[in-house]
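Each structure below is given as structure tokens.
Below, subunit A partners subunit B and then partners subunit C, in two separate complexes.
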Partner chain A sequence: MKIHIVKRDTCPFWKKCCYYAGAVLLALLLGAALLASMGVDPIAYYTRMFTMGTVGNKIAYKVWINYLKELVPLALTSVALSLAFKMKFWNIGGEGQFILGAIGAAFVAVKAGPILPGWLTLTLMCVAAMVVAGLYGLFVAALKVRFGTNETLMTLMLNYVALYVLIFLGEDKGAWNFFLDPDSLRPVFASFSDIISFPSIPMGDKFSLNICVVLTVLIGVLVYVYLKHTKHGYEIAVVGDSAGSAKYAGMKVNTIVLRTVFLSAALIGLAAAFKVGTAGILSTAITDDVGWTGIIVAWLSQLNTAVIFVVSALICVLHYGSTVAAATFSQVDSSFANMLQGVILFLVLAADFYTRFRVVIVKKGGKDNG
Partner chain B sequence: MKKLIALLMAMALVLGLAACGGNGGPAVDGKADFKVGAIYINSKNDTAGYTFAHHNGITTAMKELGLDTDKQLVIVDEVPEDDEQVLSAIDTLVGEGCDIIFGISFGYINAMEKAAGEYPDVIFSHGTGYKSNETNFNNYFGRAYQARYLAGIAAGMKTLETGNNNVGYVAAYGTEYAETASGINGFALGVQAVNPDAKITVKKLGTWADEVNESAFAVELIESYGCGVISQHCDSAQPQIAAENAGVFGCGYNSDMTPDAPKAHLTAAIWNWNVYYRTAMQAAMDCGEASKFVETMGSGAYYGGLKEGFVDVSPLSENCAEGTQAVIDTVKAMMVNGEWDVFSGVKLQIGADGSVNKVDAPLVDNAGNEIVAAGGASVEDSVITGTMNYYVAGVQEG
Partner chain C sequence: MSEAYAIELKGITKTFGSVVANKNVDLNVRPGEILALLGENGSGKTTLMNMLSGIYQPDGGEIFVDGQRVSIDSPEDAKRLGIGMVHQHFKLVDVFSAADNIWVGKEKAGLFLKKERNTQIREMALKFGFDIDPEKKVYDMSVSEKQTLEIIKVLYYGAKIIILDEPTAVLTVQEVRKLFDVLRKMKEEGHSIIIITHKLNEVMEISDRVAILRKGEYITTVDTATTTEQALTEWMVGRKIDLNIERTPMNRTRPLLEVRDLTIRSDAGSIAIDGVDFYIRGGEILGVAGIAGCGQKELCEAIAGLRPLEKGKMIHKGENIVGLTPKQILEKGISMSFIPEDRLGMGLAPSLSITDNMILKKYADTKGPFVDRKIGRADAEEVIRELEVVTPSTETPVRRLSGGNVQKVLLGREIKAGPNVIITAYPVRGLDINSSYAIYNILNKQKQEGVGILFVGEDLDVMIALCDKIMVLCHGKVMGVVHAHKTTKEELGLMMTGALDLTYKYEDKPAGLAKDTRFGETEEEAAE
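Right, the complex of A and B next:
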């Protein structure tokens, strides 16, 4: 008996949905078994998780504000990563590009914030973050184009370079280090939220919608159009399918790679600017792992820009809800919440595999149909 | 299936309700409604280390006060020192109706200050920090140096017994932080009170917890510097285990480490966090409204020591030199009744017979600068918590 894995020609939409739903359900059942073994009522736990603790919450509007604060960087980073992935350029450097973008934005906020008008500072923060992060990505793309280096390894390693630069800025008490709070005895990052932050649009009694949410959706639409309806988008798709064919068709493959990777990294930098400009402070945990989670989101969405927004919204519910649910159950800590998230994502990825491939069992002596 | 439908309906209901969140924060009222919130840097299910010590303190205090740790305690754990994430955790705890919120890590300082302004009806209490206001925001820390001094006495008496004057100290940081410097200095002065010839060598980790280097640095202190007693300011019991393996002795930190190193451990400087947590929770329940909390506590900064039982030394092990207990009891009594304190112009001389005498002597740093003149009063608390950036004479970095 042999087992063959055969690529599916098509998979109907409803079937895909069934696979995904089945995976989530299976993960929840697994989690329920674990919860029950710890003496926690799974229904109560899941209710809290999926409602993100908004039931009976006196400040439920805060949940939505905090939820959107998590969603914006994740959605934008995922959209940005999908640009590079579409070209089969494996940009694993979201974390590093995000960090450098954040440092660039913070630099502008600290230096220009007190002098320039608010809107100009915010614009410059975005531009600085995009340029710094974009060049960081471009550096790897240039190495690949020129020397054929492996971009997966390069971007992965550079994440740690960026992280240690940020940690250095957070700990070095030298007089030059304007990122730190001069009044603190221990090194902590200085807050500039009094000087500059992205405005919010008041909606209703308490809730207000951060402008970054609107901008992120807008960028999502632009990227969708860029990929589907422009020459550049077409070129990206062709290079992704076959660089050789693209060359044969007269496309300047190197230029396309450099341009697209710059754009991908720059958008990640923009996500960082949104994050820093909303938080009003740097932090060594500034990325909140969006560079990693974004890869999963982009992949689960099959690089479809619209789907990315849906998937990142769901992942944020999972992430935010897990933290909230873990808070009220004394047996459950964040590590369990993280594990449950991991189980769900793993099974959904497995289901994703099933939507693309099917397993065929070939009986011994049977005709080889592979 | 029924439950699933119930779940879905609950979700739908919430989405509808969430948009119209109500006003007003929680008010401090009866004991049954009292809710405690906490933000931890590590997991609440830890079984050792810093977060464990605080979690243990909070749950012990709640049990002492007759509060239900299952229903009346809400914890967001594994929160990094990131203002946005701390503020989000605070929103979760306030949303749950917590009356008092404890944050245990130094880097929560600015987020807690901000939240105290935003939620005047909730009490915020920040461990190891230095910020406060006059109403609903205080900070708490303890005179660990007093316990360190007592542990130093035990170490000093051991050096006399073994005839080895070299003492090692594995520290997270050195003079960069007053917390570590005051601990090292307190310990060193305790050792020197017994054995004036003792030399203390400090090895710095550069981080608060690193089990591999905690062990490696202890081994280096023993092998390269010939240390016969190893003290520590780091999270795990690794330095004590290294001392045990090398056949030397040691003083632990945070919790009684005798079970980890039964043949090496003398005594540990320990924290009884429940002492503060009980005081704070009682004050929070008594003060009527959050804005009276700081007034009820008496000050915005709680700085308890041996007197309050907030810090102490763990029970002396059998490894201690003869007569150690009696000396420690005498010195502890002097600090408890306020007769004497560590960083002053008066030093204790502890004789081989166990006698304890006070002599006027200046407090001098290891560069020879006089910090306190002979007979002078103790340094200010703010120096011990904030600006102590020197080692006393007899301490060197290795």
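Right, the complex of A and C next:
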């Protein structure tokens, strides 16, 4: 007996949905088994996690505000990554670009915050973050275009360069280091939340919607239109699909690559500016791993901008909810969410395989026709 | 069984989806003989050999090795049965030495690299008269050295039956001679050799018998000694079928595209096109005939501006086009469509819809930042209607269409752009008769409208019926330009293999130079 893998011609939409839903369900079941083995009631845990503790909570609006704070950088980073991924440029450097963007934004906040009006500082923070992160990405794209270097390796390694720059800024107590709190004996990042912060739009009596959420949704719509309906988006699709055909059609492939990667990295920088501008402080954990998680989200969404928002919202529920649940169930660490996320990704990718291939079992010798 | 064969195939059939690659093929190889496998492109030679080497499994039929019925399910099975194949595209690890490339595939090599491997392999190379350094890295090797290594590899694994897929395509004349010496030596040692080639002169020189395939079907096997190149050509190409393609009389215009002394290098760096002259008038179809890979692709790419020239001049309506970008050449009205072996590589974005592919060359022409898909959709609908493209909708990804429909989409778009020169290579590659005729009709219609067409083709019957003139290439050189209504397939075949050179058939001028050339008009530009 032998196993053959046969390519499917088509897979109906409902079948795809079933496969994906089945994969998520299976992942949750595996998680439940693990929870049960730790002596935790899986249903109670999942209920707590998926409601993020909002049920019966008097300050549920705070949960939502904090939840959105986590969602914004993740969704925006995934959207940005999808731009590069659509072109088959494997930008694994979301972390590094995010960190440099954050440093750029913090620089403006510290230096310009006390002098300039608030709105101008915030705008400058965004611009600075986008330019710095964008150039960091552009550097890799330029190397690829000029020397044919592998962008996956380059962006990956530059993540660590950026991270150690940030750690250096967080630990060097030199007199020049304006990122640190001058009043503290130990090296800690200075908070500028009382100087500058992104404003919120009050809604209802308690809840207020941070402007970053509105901007992120707006950018999502713009990127959707950019990819689907503009000439640039068309070029990205063609270059990603067949660089040979793009050249043949007279496209300037190198320019398109440079432009798109800059835009992708710049949007990640913007996500960092949003994060820094709401947190009001740098930290070595400023990225919250969105550069990594964003890759997963972009892939799970199959680079569809609208789906990215849905998937990142769900992933955030997972993360935020597990932190909340960890407070109630002390034996389960909040990194349970990471594990669950990994299992989900793994199983969804497996399901993806089954939407494209069928497994056929062939009996040895049966094909000989005797 | 009256005779003992090293390998015998009976009724082998293989289909890929709806394409029948091999249909009921019988083939046998005696021990210690060289069998040449002859056939046009797409006649199923490589598919058949891939079944022997375990890459594909036949859908029907039987394989016997030394009289024993076998089932070859994997390359490992083939190796165990003593069948080794040297593929057209080498399967070597670049950063390994010659010896390590052989060692890596050895079944009982053990965990550790042993020093003796170098001496062992050197000794075995010497036995067959190979000249190779076992410690040389593959990336330092020339093409012929890599091929030698591939042959040593299959011999080392104990192959008694060796299959060579177009081994001479990449070699120089001297290297071919060396290879043939090796093959003869192997034959003396009792090895059976199957050699796939297009070159009739080589078939005559090296083989004992010749098996011929045509369009996936087995035609016959003949003794080389009792046959002629003409007879082989006829078997290979088949009887002349009456193609009702009307060759519309051409209205001669002055040359649209003229090419002088064109020299182009291939990706590998060898000379692919060597000092070629030709011209295309409006309202004529110039065919380009030649065995596969003798510079057709490089020629098309160079005209479209996709490949730099080594030297040479190209003028379009008297204006220099050398050094222009692909976009500028497009704007001059020169359209190029090349159908590669995989049919999707060039000119189409396979994951995008028909609509999106329609606008590939003109999406930038509209104003504003947005893509106007309305134009694309209208074009798509028109092409689907006029060329009878079978597709669920205009939004179907091109990848999902069948080969013939993909080619119709590609050619339809090129014609929609209203070019004055069409360069088209293998437009009917892999198409059935009906789709092929649809394509011929499209080309004829364009010709009547005064478009100059360069038609790079495979099927000589079609070229004789469709083209006005035929230029024959052999190893990147022009063997002559003949009038299609005056030539014969035999003549073309001889020219293709380099046996006949008609470059100076017409005494007054070499082939490929127009009497009413526009080159004089642009002396200054051309001089650069």
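The rule is short, and it goes like this: the second predicted complex is superposed on the first by the 353 of 370 C-alpha atoms of A that agree within 3 Å, B and C clash if a C-alpha of one lies under 4 Å from a C-alpha of the other, contacts with A are read in each partner's own complex, and residues count from 1 in each chain.
By definition in this document, a residue touches a chain if its C-beta (ideal position, glycine included) is under 8 Å from a C-beta of that chain, and two chains touch if they have at least 3 such contacts.
On a predicted model such as this, the values are computed, not experimentally measured, just so you know.
Asker: Could you check whether subunit B and subunit C clash or fit when both are placed on subunit A?
Answerer: With subunit A as the common anchor, subunit B and subunit C both fit in the superposed model.
Asker: Have a look at where A:232 lands relative to subunit B and subunit C in the superposition and call it first, second, both or neither.
Answerer: second
Asker: Is A:8 touching anything from subunit B or subunit C once the two structures are fitted on A? First, second, both or neither.
Answerer: neither
Asker: Answer with first, second, both or neither: which of subunit B and subunit C does A:88 touch in the superposed model?
Answerer: Touch status of A:88: no partner.
Asker: Should A:358 be classified as contacting the first partner (subunit B), the second (subunit C), both, or neither?
Answerer: Touch partners of A:358: none, neither subunit B nor subunit C.
Asker: Does subunit B (first) or subunit C (second) touch A:281, or do both, or does neither?
Answerer: It touches subunit B, and subunit C stays clear.
Asker: Counting residues of subunit A in contact, which comes out ahead: subunit B or subunit C?
Answerer: Partner touching more subunit A residues in the overlay: B.
Asker: Answer with first, second, both or neither: which of subunit B and subunit C does A:326 touch in the superposed model?
Answerer: First partner only.
Asker: First (subunit B), second (subunit C), both or neither: which does A:242 touch?
Answerer: So A:242 only meets subunit C here.
Asker: Give me, in Å and rounded to a whole number, the least C-alpha distance separating subunit B from subunit C in the superposition.
Answerer: So the smallest C-alpha gap separating subunit B from subunit C comes to 32 Å.
Asker: Flag every residue of subunit A that touches subunit B in the complex, lowest number first.
Answerer: Listed in rising order, the residues of subunit A that touch subunit B are 43, 46-47, 50-51, 53-55, 57-64, 66, 69, 173, 181, 184-186, 188, 191, 204-207, 275, 278-281, 283-286, 288, 323-324, 326-328, 330-331, 333-335.
Asker: Okay, in this complex, where on subunit C does subunit A touch?
Answerer: 57-62, 71, 73, 304, 306, 325-328, 330, 336, 344-352, 356, 359-361, 363-364, 369-371, 400
Asker: Taking the touch rule as given, give the residues of subunit B at its contact with subunit A in the complex, in rising order.
Answerer: Where subunit B meets subunit A, its residues are 3, 6-7, 10-11, 13-15, 17-26, 43-45, 69-70, 73-78, 80-85, 87-89, 91-97, 106-107, 109-110, 130, 176-178, 386-387.
Asker: Residue numbers of subunit A touching subunit C in their complex, please.
Answerer: Going by the criterion above, the answer is residues 2, 9-10, 229-234, 237-238, 241-242, 244-250, 364-365, 367-369.
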